[in-house]
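Next come two complexes built around subunit A: one with subunit B, the other with subunit C.
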Partner chain A sequence: MDAVVLQALNGLDKGGAYALIALGLTLIFGTLGVVNFAHGALFMLGAFCAVTMQKLLTLSQKVEDTSVTFFKAYKEVPYLEIWFGDTGAALIDFAVPLAIVLTIPVMLVVGLVMERGLIQYFYKRSHAEQILVTFGLAIVIQEIIKSAFGANPIPTPAPEAVAGSADIGAWLGVGQGLIYPYWRLIYLAFSLAIIAAVFAFLRFTTFGMVVRAGMQDRETVGLLGIDVQRRFTIVFGIAAVVAGLAGMMYTPILPPDYHMGMDFLVLSFVVVVVGGMGSLEGAVLAGFLLGILQSFASMNEVKAIIPGIDQIIVYLVAVVVLQVRPRGLFGRRGVMEG
Partner chain B sequence: MSTATIGSPSDRSARSPTIAGSASNRADHVKFLIFAAAVLTMPIWLSPVGAAYPDLVQKFAIYGIFAIGFNILFGLTGYLSFGHAAFLGVGSYAAVWSFKLLTMNIVPAMLFGVLAGGVFALLIGYVSLRRSGIYFSILTLAFAQMSYNLAYSVLTPITNGETGLQLAHGDPRVLDGPAGAGLPSTNLFGVETVGYSGFYVCAVALILAYYLALRITRSPFGMTLRAIKSNQNRMNYTGFNTRPYTLAAFVISGMYAGLAGSLMAVVDPLAGAERMQWTASGEVVLMTILGGSGTLLGPVLGAGIIKYFENIFSAFNDQVLSRMFDFLPAGLGDLMVDLVQPFVGDGWHLTLGVLFMLIVIFLPGGVMEGVSRVAGRLRRVRSDRTG
Partner chain C sequence: MTIFDRTVNRRRLLQGGAAVTAGLAAPNLLIRGAWAEEFRNNPGNAKSVKFGFNVPQTGAYADEGADELRAYQLAVKHLNGEGDGGMMNTLKPSSLKGNGVLGKKVEYVTGDTQTKSDAARASAKRMIEKDGVIMFSGGSSSGVAVAVQSLAQEMGVVFMCGLTHSNDTTGKDRKRYGFRHFFNAYMSGAALGPVLKEEMGTDRKAYHLTADYTWGWTQEESIKNTTEGLGWQTVKAVRTPLGAGDFSQYITPVLNSGADVLILNHYGKDMVNSLTQAVQFGLRDKQVNGKNFEIVVPLYSRLMAQGAGENVNGILGTTNWHWSLSDEGSQAFVKSFGQEYGFPPSQAAHTCYVQALLYANACEMAGTFYPPEVIKALEGFEFDGMGNGPTLYRAEDHQCFKKVLVVRGNDKPTNQFDLLKVVKEVPREAVTYDHTTLRRRARPLQGLSRPRRVPGRAVRSFGPAAPAGVRRTH
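Right, the complex of A and B next:
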């Protein structure tokens, strides 16, 4: 029982990341009709916003280390600690969550520039060409990050206060031994909050209503005198922010490196296809579903029955779903019909 | 999505009259002979650009075969596969196993490589081709990733996991009889296939592969494939079952990939799972697009260009660069070094990405389209003068 709950939780935080990326992919696809292979790179950029924030906060000055008396020794002390003492140290400790103030504007700008600068010229071109050009863009972004930050994963720890593990077993009263890192719980809550925010935005605001109408029938909405294009561009920016936030919060779980985006992208595309191209609910549910399946498949008991299943489960599910329900679990008629 | 809409300019061959007229037939043969001569003399005419050494020209030939095969699927039918590296890897494994179990002769190894690639493509294609458009791309990607992950984990007895499959002393090699000291090298009925002789094996394979692709493109079968690309629905409405044709194209291109994979094992008898990774699939897509998809020569050109520049660019480092720019005044030279430096050496992939984007944006037909545009302009200029 413990193991089952634990695996479900394990799957949920990874599923949260898949769901957030897949949500952005689906939004972009539903509004602009563009298949964005650079979305994983946006996820990665978000993660590196957290890295940049950490670097900025820990900009240091060389100070003589008085604890060493035999010879002159120096140590690096961040300016923040010099200026603000303990408050500064606390700020540094909270580098990852604080990075949100950097991530949102940066990702919004990146998204808008990308849409205006490149994507808008590819609306009318074939999906294959969209895939190819965004694939090229993903390589470029990835290599720029590599030359700026190096090829090695950069550790970005979670704040001290939530670095430990939660004793979920005690909370639920199912016994001891069921412990789970706080940060992963936070990630799960965070991703659910973002998903809820995006859905609420689309459902309850006038802007969202126009966007949904535009997704249904762009031409008619345009004929009503509404500038659909401008709104769709903003939606692209929002999708970029969502991917960026997903990446930023994921850094304490997985130290970011320049190709993390590609790894997530491939899986997120599978998620989108399983959920059904063009269905936001499908993307989110399939994200969590595949995350959980993946973590159950990596249990030793399961691996003993079907060896290697943990490596292929996601792809296997995708193959089966596409054969049985060609439009994906929640796909609608007429979207991306070949 | 209709698979019809991929880069119309790349479809030059579709627009030109291709029903085996004698004139175009003769032109084809002339082109083929020039191609064959050019491939065989590669070690000569490539030496001024510093590319005439066996390792590199072998790569040109092998990736050329891979790209020609990929183009038979993508260029003719428009189905964009993102999992072609799986067939390459399977071909390599099959060839190395043939070296280990049967003989060091390369003929059985190549046969097994082609066969393995074909059978594997038949299995994957049968399932994937039920869908088209992006679904097809994702399905092939999923299968390739599955194979890659399995090769690393459960299939380790067959693939030797991360170490890669290598020759060993204890291999049976039932047809060769007892081996002497040291590992045997690959041979073609006794002639060792290392270095340039290895290249000539690859070159002959490339020429045959090109010829076969030429015949396929000009045949009624090739016409059918192009018809599927331009409008599959219409084909279906006329009562034409397209599935067997796309599947045949998929299997053929899988066999090409298997051949390329087995040749990799011929020139260097080991096989690793990284050959199956999806970045390798992406690479062959890049080659085909860069050269010009749907053309015969384009994919080979693309493969050559990418492998050549990969080799040249990754060899650059700061010293080479500063030597290159030392004719400039000191400050300017340093500036140039700083500007160029991120794009070479480890940054070669950045150049590749930028180049690739530029090609897709401005020249979707690849190098071949560029060549024909320039040629067309020249012809117009000339006819203006004479006329």
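Right, the complex of A and C next:
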């Protein structure tokens, strides 16, 4: 029983990350009609915003390290600790959550620059060309990050207070053995909050209404005298922020390296396809669904029946869904067809 | 065409046959001696000789590759008589003179393996064919080492392995032209065994997570054999895809499996991720079967420990070498490397530096660059002063036998580089095995306890094209 609950939680967690990336992909695809293969790179950039924040907070003074006797070595003492003592140390401890003030503006600018600087020239081109150019962009972004931060994963721990794991079993009174890391619970809550915020933004604001209308029928909205393009550009920025926040919050779970986006990208595309191209609800639900399935497929009891199922379950589900509902779970007629 | 129309009679056929046979045999009889000096990339009378350093400069092991390259550059410097000489001063017995190799200045070219077998082979091929290297070295993955080693064999150029830990490199996939100084999974198991027994007892239940490729399999097998020999049970061994990223779905089943030890047969990024996540899931704070839950990482590296941060604290594993060793050779190397680059060398850097020096030394011993003679000089070479105590380059499988370090993630580091603490220096005798032991394939899993002896086969399968007159063993 514990194992089932654990895997369900774990799946929701993973699903949260998938859903956030897929949500951004769907937003971009629904508004601009662009298949954005650089979206994984945006996730990774968000993660490196957290790394940058950590680096900024730990900007250090070089002090000669007298404990190394073989050669002259220097150790680094952060200025924050020199100036503020324990307060400084606490600030450094909270580097990842604090990175949010860096991630939002940076990712917004990156999104806008990317759309204006490159993507806009490919609206009229085929999807294959869009895929090639965005994939190329993803490689460029990766290599830039690698040259700046190196190839090794960089540890970005969660704040001390939430670094351990929660004894969920004791909370619910179902006994021992049911423990789950705090940060993963936070991640789940965070992703649900972001998803809710994006949906609320699209549903309850005039801006969101115009965007939704533009997704339905761009031409008519344009004829009403509304600059749809500008709003879509902003949507691209928002999608970049969503991906960036997903990446930033993921860093304590997975020490970031320059390649982490690619690992999520392919899965996220499967999520989008299963959910239905262009459907935001579909992207979110498919994200959680595939996350949970992937977790359960990794249970030894399941693997005993079908070995290796954990590595193909996502694609297997995609095949079945596309057979039964060729447009995906929530796909609409006419999206990426004809 | 008349030639085909003419009937061939028996006399003419015999005459022709005899002439052809004599023609083919003559060069062998007349110039056999001259052949001995004609070999690929013979530097001849040139003033310099070129080494090839084939390391991962991009990809997941790029940082490790960069450290390997630093070590090679330092080795070249020392060989050419620049700098303080490092381990050239401590190697015993040494034929090195500090004026290059056999009086020729050492130059080098570098290549990028990308940690991919095909890219590594292409890069090595370019070094051999285009740059004319007399020897090449490097690599940070067993997959690459095995692939490149067979190329070395085909081309007749000596390959000095960099970091590769799979049993197969000098086991079932060994080649006459390949040499490994680094230790292997079997030695890790043999070294860890007694320490595990001492610290965790004989009544333990182990759960393995294993990277799903040659190195992972051989390590899982070796560690399993060791721990089962101690009386431990193996609850489960789960294979994880290479580069899985998030291992949480493989870690949650551990929590309720009844296991009280988790063994992570992961390296590089996989190890950083799986260890970090295992610690996050509270495994270190858990009590199972009335004992503290333990995590073991059989192959450790300081560069990896950096990535995992505080999560390595207290976790046991093995390593080939560590910069804090106090022997003369290690100190000389750390001093020299530290002065040059400002931080101590990694185990990858150490093994690469040593390999470059050992090759050069073998050339000096042989008095020639002719590969069969150099191979002969390396085979069975017994040396000291390279940081691991007395070491033997075993002739039968070209594997070095030396001390293995059992280390623990340091919870009280005295400085920023002090990430691993040496728990035990396991003597060479304790990790030595019979060279026929590891000749089998990595799969299917079998016990290592009954070595299969196949006299003579080891030599024959060691690779084709052994030039006449070269003894295989001493």
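Quick notes
Following the convention adopted for this analysis, the second predicted complex is superposed on the first by the 323 of 338 C-alpha atoms of A that agree within 3 Å, B and C clash if a C-alpha of one lies under 4 Å from a C-alpha of the other, contacts with A are read in each partner's own complex, and residues count from 1 in each chain.
The rule is short, and it goes like this: a residue touches a chain if its C-beta (ideal position, glycine included) is under 8 Å from a C-beta of that chain, and two chains touch if they have at least 3 such contacts.
Nothing here was measured: the structure is a model prediction, and the numbers come from that model.
By the touch criterion stated above, A:270 is placed in contact with subunit B alone, subunit C being left untouched.
When the two complexes are overlaid on their common chain A, residue A:241 makes contact with neither subunit B nor subunit C.
Of the two partner chains, subunit B is the only one touched by A:315; subunit C is not. Of the two partner chains placed by the overlay, only subunit B lies in contact with A:140; subunit C stays clear of it.
Judged by the touch definition given at the top, the superposed model places A:23 against neither subunit B nor subunit C.
In the superposed pair of complexes, A:299 makes contact with subunit C only, with no contact to subunit B. In the overlay built on the shared chain, the residue A:127 is in contact with subunit B alone; subunit C does not reach it.
Once the two complexes are laid over each other on the shared chain, residue contacts for A:326 go to subunit B alone; subunit C is not touched. Put simply, subunit A uses residues 146, 151, 311 to touch subunit B in one complex and subunit C in the other. For subunit B in complex with subunit A, the touching residues are 1-3, 5-7, 78, 80, 127, 130-139, 141-143, 145-146, 149-150, 152-155, 278-279, 282, 285, 289, 342, 346-347, 349-350, 352-354, 356-357, 360-361, 364.
The touching residues of subunit A, counted against subunit B in their complex, run 35, 118, 121, 125-129, 131-133, 135-140, 142-144, 146-147, 151, 262, 266, 269-270, 273, 277, 307-308, 311-312, 314-316, 318-319, 322-323, 326, 336-338. On the subunit A side of its complex with subunit C, the touching residues are 2-3, 6-7, 10-11, 13-14, 65, 67-68, 70-76, 146, 150-155, 157, 163-165, 177, 179-181, 183-184, 252-255, 257, 259-260, 263, 294-295, 298-300, 303, 310-311.
Contact residues of subunit C toward subunit A in the complex are 58-63, 236, 238, 241, 243, 245-246, 248-250, 252-253, 255-257, 269, 272-273, 276-277, 280-282, 285-286, 303, 306-311, 323, 331, 334-335, 338-339, 342-344, 414-418.
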